[in-house]
Amino acid sequence: MIDKRITSVEEAVRDVRDGASVMIGGFGEAGSPIELIHALIDQGARGLTVISNNTGSGRVGLAALIAAGRAAKVVCSYPRSANSTVFPELYRAGRIDLELVPQGTLAERIRAGGAGIPAFYTPAAAGTRLAQGKESRRFGEREYLLELALTADVALVRAERADRYGNLTFSKTARNFGPLMCMAARCAIVQVRHIVDAGAIDPEAVVTPGLFVSRVVHVPAPAHESRLVREGAAYP
Amino acid sequence: MIDKRITSVEEAVRDVRDGASVMIGGFGEAGSPIELIHALIDQGARGLTVISNNTGSGRVGLAALIAAGRAAKVVCSYPRSANSTVFPELYRAGRIDLELVPQGTLAERIRAGGAGIPAFYTPAAAGTRLAQGKESRRFGEREYLLELALTADVALVRAERADRYGNLTFSKTARNFGPLMCMAARCAIVQVRHIVDAGAIDPEAVVTPGLFVSRVVHVPAPAHESRLVREGAAYP
Amino acid sequence: MIRPPTPAAPEGWSREEMARLVALDIEDGACVNLGIGIPELVARFVPPGRELLFHTENGLLGVGPPPDPAHEDPELINAGKKPVTAIPGAAYFHHADSFAMIRGGHIDVCVLGAMQVAPGGDLANWSTGDDDAIPAVGGAMDLVAGVKRVLVMTEHVTKTGQPKLVNRCTYPLTGLGVVSRVYSNLAVVDITPQGFAARRIAPGLTFDHVRERTGAPILDWSDHGV
Amino acid sequence: MIRPPTPAAPEGWSREEMARLVALDIEDGACVNLGIGIPELVARFVPPGRELLFHTENGLLGVGPPPDPAHEDPELINAGKKPVTAIPGAAYFHHADSFAMIRGGHIDVCVLGAMQVAPGGDLANWSTGDDDAIPAVGGAMDLVAGVKRVLVMTEHVTKTGQPKLVNRCTYPLTGLGVVSRVYSNLAVVDITPQGFAARRIAPGLTFDHVRERTGAPILDWSDHGV
């Protein structure tokens, strides 16, 4: 029987290796898989390439992973935060690399990675500083940049519901990068609020079909990142 | 008030012009917008470029449009049918052009057209006869073909439910090319079985957000194409 | 007693008045993406009888007004990461679909802030280019490349009095030739083939007042200039 | 009385037996796409204790058995346009997502028919190349380019007795170097760095019998060849 349920977040991230590329879902705290990230901190893998839209808040979740020195590089569209100095300090100290990618290009590169498209052209960033080192080409009247697909060894994603096949639904704007990262990672690990029986998710409303998902972990009451940040919490 | 509802299929296709490019949804009869196609036949536009996965069955719907000589060209993955000789006869007579595209490439080219991606690379058809005349390029170990986006003036699509904003859901495997064609056409015209109030479609389960849709027509009881074909019907 | 110099009092239109002018210029039924900060004010000033559909690039079409604090949901936010609501008829989608809307030309209007705008419509709004600054671009480059009409809302000059409408952007570009119109506290300025053209001047100000605070040639196409 | 020559009686495995062999070779939990025609039989022979998830490229993961005629739905069909059902836990999606699954390597196995297979795994299965034929490719090229393991089910020779396993495909290619294994009525044949290698011979037949009907060198790696 196909059954992707894993008993704990610890077990789910156990085999992440040093030097792995790790996609981490979320836009700010919405969709950020905070329990999986904390489990990855405990697990100890180092030298990670983190692919995520942001670099986290406060000293919990993604910011804590970065603060712990586990990320050698981040691929990201917006590594600034009103309430975190973790990334800026490491970056200024030259202790972490940054590949800055426009948000839509980041999303499309991840989708391309999941869809077997090695490269595509986009108008975003043409003629700007972020075009440096990239091939450009005209189609019709406009100039476009060649962008390469992104894949990863692992994705850490937060969703709302899953069944044993790994079919997923998400919650509101917490969907963001999750479905794309599940497509693009060789091992997509998903924490969900609810595990339901096969068939309980309307097949018309499945957002991520199960074949994109490797592991599902039940985290019924995930921490509120913004609340932890307000309280000044730090992980571990 | 945003309201994309149009009172009749005739009204919905009234302004399709000679020479227009028209995407037509459906995989076989599933999702084929038969009432909109018949309205387009009645409307009379000629010299059309039809972009559709198939070329229709019997002498109704898409096959009838082609039989009426309205299509100058089809862009298509599978222009053969067990029960229609309409396209083969015109093709052998040199009276219609064919651009044959692998099905996944066709889908992705339409999505690219809707997503502002002018071109992308795909491994499908590399090294085959369908690679003739196309640029190829290696990424890593493999060879890929450069494929260009497809857009169209009009899309004719069949969906299940719509609200006044044009938000859509589909029915089972009748979804197929519909959502992509709505993205890629400058005017997406959709026939739906049910028109519902704004808010009646769960925002988590909207398949095609309304901004991709221009016109919605209520066709509560669409004809069953396969039944018409069995009965030997011909349109008009 | 000697007093330290104080910043000049705000002159011309208030931010709310600027937002009202922007909202008046957006056609009924448009899909609109509002940038983080001042542009968010535009949603408050949609004229009666018009319906706009607000898009936020983090995956929602049909953004509604902010919730009361008791109904905030950390999973229902806008691109500025502030709590929002969803209207009946809203739709959620993932980031690739969201930017397909943007890049594919399906958003009619976006309203963004600016650091600098040049007469050809070049926009700089993402980085000061300082070596020490943490670069962060977000979705700005995708928005200006894809949205049909890019409107800018900005103070006419910086806090230190430097013009933001300039001959050439010295800050790193967000996009080349992308801006249609600028709404500043002093004037509504079109990007035209002839360069900047003031369409409207804030009450009580003169065209010369605007021109002196503009770092590039500007034409007077306003009513009182005709 | 002189009788016209009749085609040779089918020899070796029946189609059902071939389908059973294929099904036995697919690992538990695999996502499988079954081509139109003979490959569809594979779904009937999933061994007890294994669960396969069937994908059809027209937008369904979790294809179930055919419905009884009273419950056929023209909007629930497979790639061969035949009515199917959906299992509990199925998902519907559009064509771009469906081919993202295929092209992106998320389908573990596909089973296809063939006109010709060459020793390097080249496959021809979409066109005879006749000038008069209406070319129609469907999803075959995408499938062979993207699916991790491509299995072929085919009669070993054509109706006129010509080998389908050949030195070089003379029909237009579907893909280069894509096939892993061929299940014919005579033998199970691997594509190996050394070319064709028979892994298993149908009961009652000899390797020589298979070799004589194969249009390219073939090794005997079967049990009785060891």
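Letters A, B, C and D mark the chains in the order given here, with residues in each chain numbered from 1 onward.
As a convention for this text, a contact is a pair of C-beta atoms (placed from the backbone, for glycine too) under 8 Å apart; a residue touches a chain by one contact, two chains touch by 3 or more.
All of these numbers come straight from a predicted model, not from anything done at the bench.
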The chain whose C-alpha centroid lies farthest from that of subunit B is chain C
How many Å are there between the centre of subunit A and the centre of subunit B, using C-alpha atoms for each centre? 34
Measuring centre to centre with CA averages, how many angstrom lie between subunit A and subunit C? 29
Quick check: how many Å separate the C-alpha centres of subunit C and subunit D? 57
So which bits of subunit D are touching at least two other chains? 60, 86, 92-93, 96, 99, 102-103, 145-146
Subunit B residues touching 2+ other chains are 108, 111, 115-117, 122-123, 170-172, 204, 207
Every chain pair meeting the contact rule: A-B, A-C, A-D, B-C, B-D
Report the residues of subunit B in contact with subunit A in the complex, numbered from low to high. 108, 112, 115-123, 139-140, 142, 144, 148, 169-172, 202, 204-205, 207
Subunit B-touching residues of subunit D, taken from the complex the two chains share: 56-60, 73-78, 81, 86, 92-96, 98-99, 102-103, 127, 132, 134-142, 145-146, 172-176
Would you tell me which residues of subunit D are touching subunit A in their complex? 29, 31, 51, 53, 55, 60-62, 86-93, 96-97, 99-107, 145-146
Using the touch definition from the top, list the residues of subunit B that touch subunit C in their complex. 1-2, 111, 113-117, 163-165, 167, 183, 197-199, 201, 203-204, 206, 209-212
Subunit B residues within the subunit D interface of the complex: 27-31, 53, 77-80, 87-88, 91-92, 98, 100-108, 110-111, 122-130, 170-180, 207, 224-226
